[in-house]
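Both of the next two complexes hold subunit A, though its partner changes from subunit B to subunit C.
Moving on to the complex of A and B:
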């Protein structure tokens, strides 16, 4: 081993970012570039009666004005649910939807012209409640919903003897959870620069997580063959799922460029980003857990209704994930799930970090805490009794391989001094625990379905000895460029500085499914390892030609190829020898996901070649006068297999905890009816540095058998456990259960006062069976 | 109007409604200063005006006539400063979009002497970061301050 994988390597693009020289999409300009602006609907659900465009056309500096009729073909990230258009066609479905777009010589001129466009709307009934969407409606939001409903997706799954489990259980607990929507709030607002050139080629630079999905959508909507479309991903200022879909403004910029023959840039305002949303689904659900008298889980029954907003986005997957990603990390012999996703006239929901698993995880872990109390057991002991083992299969046929959840729980218990604190801290202070698991990449690709691999990496090396990595995986800030560099340098035994990662460019990078579902380290990492091993074989063969020793004897280390008996040549000698035959060296590696999942409908949803596991402990102090929850410390034990870069894994955990605590304590897409009330960072408040607790990361996983160098995901799994860990700690502190988020001071304060009137604050009863 | 940006003199004639952030980004092509929120809540656009941190998205370009502006590009041209290096090495940046504003805010703090942890939290509390959870940013600034002190 060369020690590059597994070490705390700083981001390879860190110096560019720290000096302000990293280029993001909004930083790019081209000669002759125009600026685009989008006219957005003030109505939530309305027929477009007429549009008056001529005034905008006559504004100085305006080059083109377009409407949805220019390219009315619909698109969507999932090929089975294409229900978004570049601009509204015929009617608008949410407030903030684009209806027309303008290209002009300056952003100000484009905005001025956009304001001149007059649209006459005829209002339609508005739907803000997914419950109403599931019932009979008078006006359908999308024609393809079944019957006269606004349902987008309905899932029913049942495994094992559910009825019997609940009939014969010694204990049944029920949690009715209610969760508002939250949004990604990546700091970089979405931006796109498109250039349609006279050789009938389209080049698009965009802040996207998935260049290859955008590539397809552009080709389909604009009807340009894929081989004439080129997508380039500059630096991306955070995504968290919010840049995973092909987005309307990306198509609009391309359409405007085609119309004007000039490059067109669109940079969304923060307000527009809020209306674009595609964030976490507002959720209502009823979750029931059944257990026997010893605390063995017998059954799990979940009924969930999620608010999809005005488009499908990833929603079909979300509907499945809300159920199937809640079964682990526990052994559950009977599982029933009913999930529905309704369209409403609100900005679309979609995928957001820990996609589809946060809200159910919250209620699941709270339910386990409740069950522990009924059983008078320590909640850690109850969890220990029910964990999935490594190398097993869940009731819904997920293949589980490496699994260090037991080590996670033991680590967080020891480090937090759980045994001396649980139910023993004074009133107002408390400690809580919660677990979780998450996929290391969705096993089923959305596009490019088999026989194509999920991820391919190409390497190129020329006379200068620098290795160029071509990959379609997107670094969106998580550090995938650094991880891929570490993997390649590790295999080739060369310093990191000899490796460079080319910007993602669909003209040169092989197809990759991009950055979502926490797939990159696992899938791109495996592809990179294969590509590097292929390259190494070429060097070894050349070393054999030079030295006469068999190629298999050579090991790559410290920039040299070494064989027993003090045989050693520099890697450059080998490279130059190998180049004699073919010129610059190239290699390719690919990762194809295994065949996984059962035979039933929806069986592939949630399958993954590996799962991360987590057990978090949180300690809190509740200000009983003001209702404020102070999270003092979080012990985050996480199993990401072998961490390839512990510093980056810690960064993912700390960032996830910030985002998860934000959702728990205050973040909310606040609506009055269909109207979003807080579309700004000032009003959509995330946690400030002062409000962040201390976080102790405990990376205790064991090597995964299929992950690259034993690694699994660390981008999303670290988020869900923190919400219920804190909620359970609040219960330990003051005896209050919260099943509706967020836990803002006013909500907590009201509950505290009510509790005081009903007999006063006290610690809940201590368990009879402790954690041992 | 004249202004100095990163020790260079510029002669510009911005329209009355042009914001400093747009003057820097669009007219002077200093794109290191970022635009994240449009309302002064995220701090990504922070620059120094006569040494004091200021939101360039809330500042009309004409108001900095004759004044001295420092952007991220002027912090340590051509090489990384101690603070910048510390952010990279500690993992205090991920997507990097908040980083220029964060560095400017921290720089203003470090110029006032060795800060306490609370001073650091206060200094960056107007700078939004969605990636790091702030822990490693605070650590990086502390480290830079220590190195600065023990220089």
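Moving on to the complex of A and C:
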């Protein structure tokens, strides 16, 4: 071991970003570049009767004006639900949808021209409620919904004796949860630069999480063979799922470039990013848990209604995830799930950090808290009684390998002094616990038939002795460049500075399915490790040629290859020896996910080669006079397997807690009907630094047998537990259960007043049964 | 969102600035820190073609906390940080600290803050958004979207600095077309009643400086905002008190973030002058002030909550004064909070 993996290495691209030298898409310019602007619909659901374009064409500086008819082919991140178009074709489905686009010599000229485009709309009935979408409608949003409904997806799953469990249970608790939509709010707005050149090639630079999906969509919509399309990913200023789909403006820029023969750049405004959305779905659900008299879970029943907005995006997966990701980390003998996702005339929802699992996790963990109270048990003890063990299978046939959830709970319990606080703090102060469980990469790739590896990494080394890593995985700020560098440097026994990661460029990087579903460290990490081992074998062989000692005896360490008996050569000597035969050295490694999951419909949704586990404790103070929830501290015990870089894991945990508390305490895509009321970062309230609590990260996982150097994920799983941990702490503080978000001070205050009128605030009853 | 093209003027004197304002009358704005003007320009809330930058006029930068004179270009950051301000005009310092966020406060100015535009969910939106909603009384429309059939605008006065300065009895120097004038700050906000304008300063007139006379007042400022930063007030209250020989000779209260202008509660506080501050005064004042608060639903938080918090602040701040008074610590003791 060279100690590079496992150490707190700062981000390899940190100095560039901190100094402002890193280049993001909006920084890029090309000679002769034009600027694109998109005309957006003021109507939420309407037929396009006519469009008057000539005035825009005559504006000074304008080179092209296009509409949806230029490239009407639909696309979507999932091949089974392609229902987005680059610009509206025939009708608009949400306010803010693009209807036309302009390319001009300056952003101002493009915007001026865009304003000259007059569109006449004929209004159609608007749908804002997925309940209405699931019933009979007079106007379908998309023609392909079943019958006369606006349903996008319906899932029904049942495992084990659900009816019987609820019939015979000693305790049943029910949570009716209601969650508004929230969005990613990444710092960098989406941007794209496209250049279609006379050799019939298209190059696109974009702020994307998945260059590969964008590559495919561009090829399909514009009808250019994939081998003539090149996607390059510059630095990305945050994604959180919001840059995971191929997006309309990316295709529009390419179409405008093809039309004009000049490079075209589009940088979205913050308001446009809100209309693009693809954020977390607004959800309503009813969640029921059944348990026996000792607190063993017997059954879990969930009915979820999900507002999909105007397009599918990742929604089919979301509909499954709302159910299947809520079972772990608990052993549940019977499980029934009914999920429906309806189209509405609102900006589409999609994948957002901890995709599909946050809202159900909230209600699940609140339900367990309620159950503990009914049983007069400590909620930690109740959880302990119901955890999945390591190396087991869940009711819905997820294969569980490493699992340190017990250690997580023990760690957060000890560090938070839970036993001296739970139900013992004065009124207004409280402590709460919640657990979590998340995939380390989706096991089933979205596109690949026939199956290809999920991730491939190539290495190259030339006379200079620097190792270049080519990978299609996107560093979107989470640090995957650093992780891949650490892995390669570790295996090759060379300093981190000798490794560089090439920009993601589909012309040179092998395919990787991108940065979503927390797959990169696990899958690309494994591929990188294989590639480095392949490279090392070439060096060892060269070392044998130089020294005459068998190659297998050489270990890579400190920039040298060493064999027993004080034999040591520098790695460069070996490299140069190996290069005599065929010049620069190359190697390749790949990761193929195992075959997992049951045989039933939707069985693969939620399967993953490994799962992360978590147990968080939060301590709060509720200002009962002002309705404010002050989160004082969060103890975040997390099992990410072996942390390859504890500093990055802590960063992910802290960032997740910040994001989760934002959703809990303030964030909401606020609608009046179909109208988004707060498309700005002043009125859409992410957590401010003032509200951020102290966080103590407890990394207690054990090595995972299949993860690279034992690692699992840490990008998304750290988010969901914080919301219910705080909600349960609020209950401990003032005896109020909140099942509708967000917990803004005015709503909390109203609930407190009602509670006071109904008999005053008091501590909930303490458990009778001992905590253990 | 991009602003329409405009011309930037950079006068070096007050006379030059006022002359420029006169020349481009109807098509011009003063630009101080720009943290309110520029977002408005980007959103098409005002569409002037001339901006007159005030940062190069030395007289507007006067900063003399000892004499209590603050030029209009005084930055919010300096009001927040200056130890003399903090000691002598507590509420001013607290209010500056509670406005926007740290980065904004370095460019935001006192003058701009006093004249900041009124706010409303239906108004503080892009041109695209407002057009899609067919506008409203305050900008490119004919109806109020908050109060149906309303014939006036209810947009909220949302500056943080006016309430404490009103509570401390500040005056302002104004350079108008007829020359220099000095008047009580509240004149800048009367008559009020319509949120289309946030103040009554005539077009083209320049706010030169703010003057505070008495450094011995006890003062407090409490602000309700959705988050700890950078949100505008959803209700705020400032109090200025002085007693001589146990009798009130200064008692002023001003409320921001609730109505179309800052509300000065003189008719409630004046009758108590000459009497000692007491629990009875607190009770009666809280009750009367509460009756004057009529927020409408055009900000983020619920109206009954906003009203509750403002009266709650008033009660606790007055109670704190009473507590200090009983310890005979009547002046320049920090008080107030940001809720």
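The rule we apply is simple: the second predicted complex is superposed on the first by the 770 of 772 C-alpha atoms of A that agree within 3 Å, B and C clash if a C-alpha of one lies under 4 Å from a C-alpha of the other, contacts with A are read in each partner's own complex, and residues count from 1 in each chain.
Please note the rule applied: a residue touches a chain if its C-beta (ideal position, glycine included) is under 8 Å from a C-beta of that chain, and two chains touch if they have at least 3 such contacts.
Please read these numbers as outputs of a predicted model, since none were measured by experiment.
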| item | value |
| --- | --- |
| Partner chain(s) touched by A:111 [first = subunit B, second = subunit C, both, neither] | second |
| Which of subunit B and subunit C A:689 touches, first, second, both or neither | both |
| Residues of subunit A touched, compared between subunit B and subunit C (which is higher) | B |
| Touched partner set for A:269, first subunit B, second subunit C, both or neither | both |
| First (subunit B), second (subunit C), both or neither touched by A:40 | second |
| Which superposed partner A:72 touches (first subunit B, second subunit C, both, neither) | neither |
| Which of subunit B and subunit C A:658 touches, first, second, both or neither | first |
| Subunit B versus subunit C as contact partner of A:333, first or second or both or neither | neither |
| Subunit A positions touched by subunit B in one structure and by subunit C in the second | 107-108, 269, 271, 680, 682, 688-690 |
| Contact set on subunit A toward subunit B in their complex | 8, 10-11, 13-24, 26-27, 29, 107-108, 184-189, 235-238, 240, 267, 269-271, 476-479, 647-648, 650-651, 654-659, 680-682, 686, 688-690, 692, 694-695 |
| Touching residues (chain side subunit B, partner subunit A) in the complex | 15, 17, 22, 25, 29-42, 44, 71-73, 75-76, 80, 84-85, 87-89, 91, 93-100, 103, 121-122, 124-125, 128-138 |
| Subunit A residues within the subunit C interface of the complex | 40, 42-43, 95, 107-108, 111, 269, 271, 625-628, 666, 675, 677-680, 682-683, 685, 687-691, 744-747, 749-750 |
| Touch list for subunit C against partner subunit A, complex | 1-2, 5, 101, 121, 124-126, 128-129, 131-133, 224, 226-231, 300-302, 304-306, 308-309, 312, 339 |
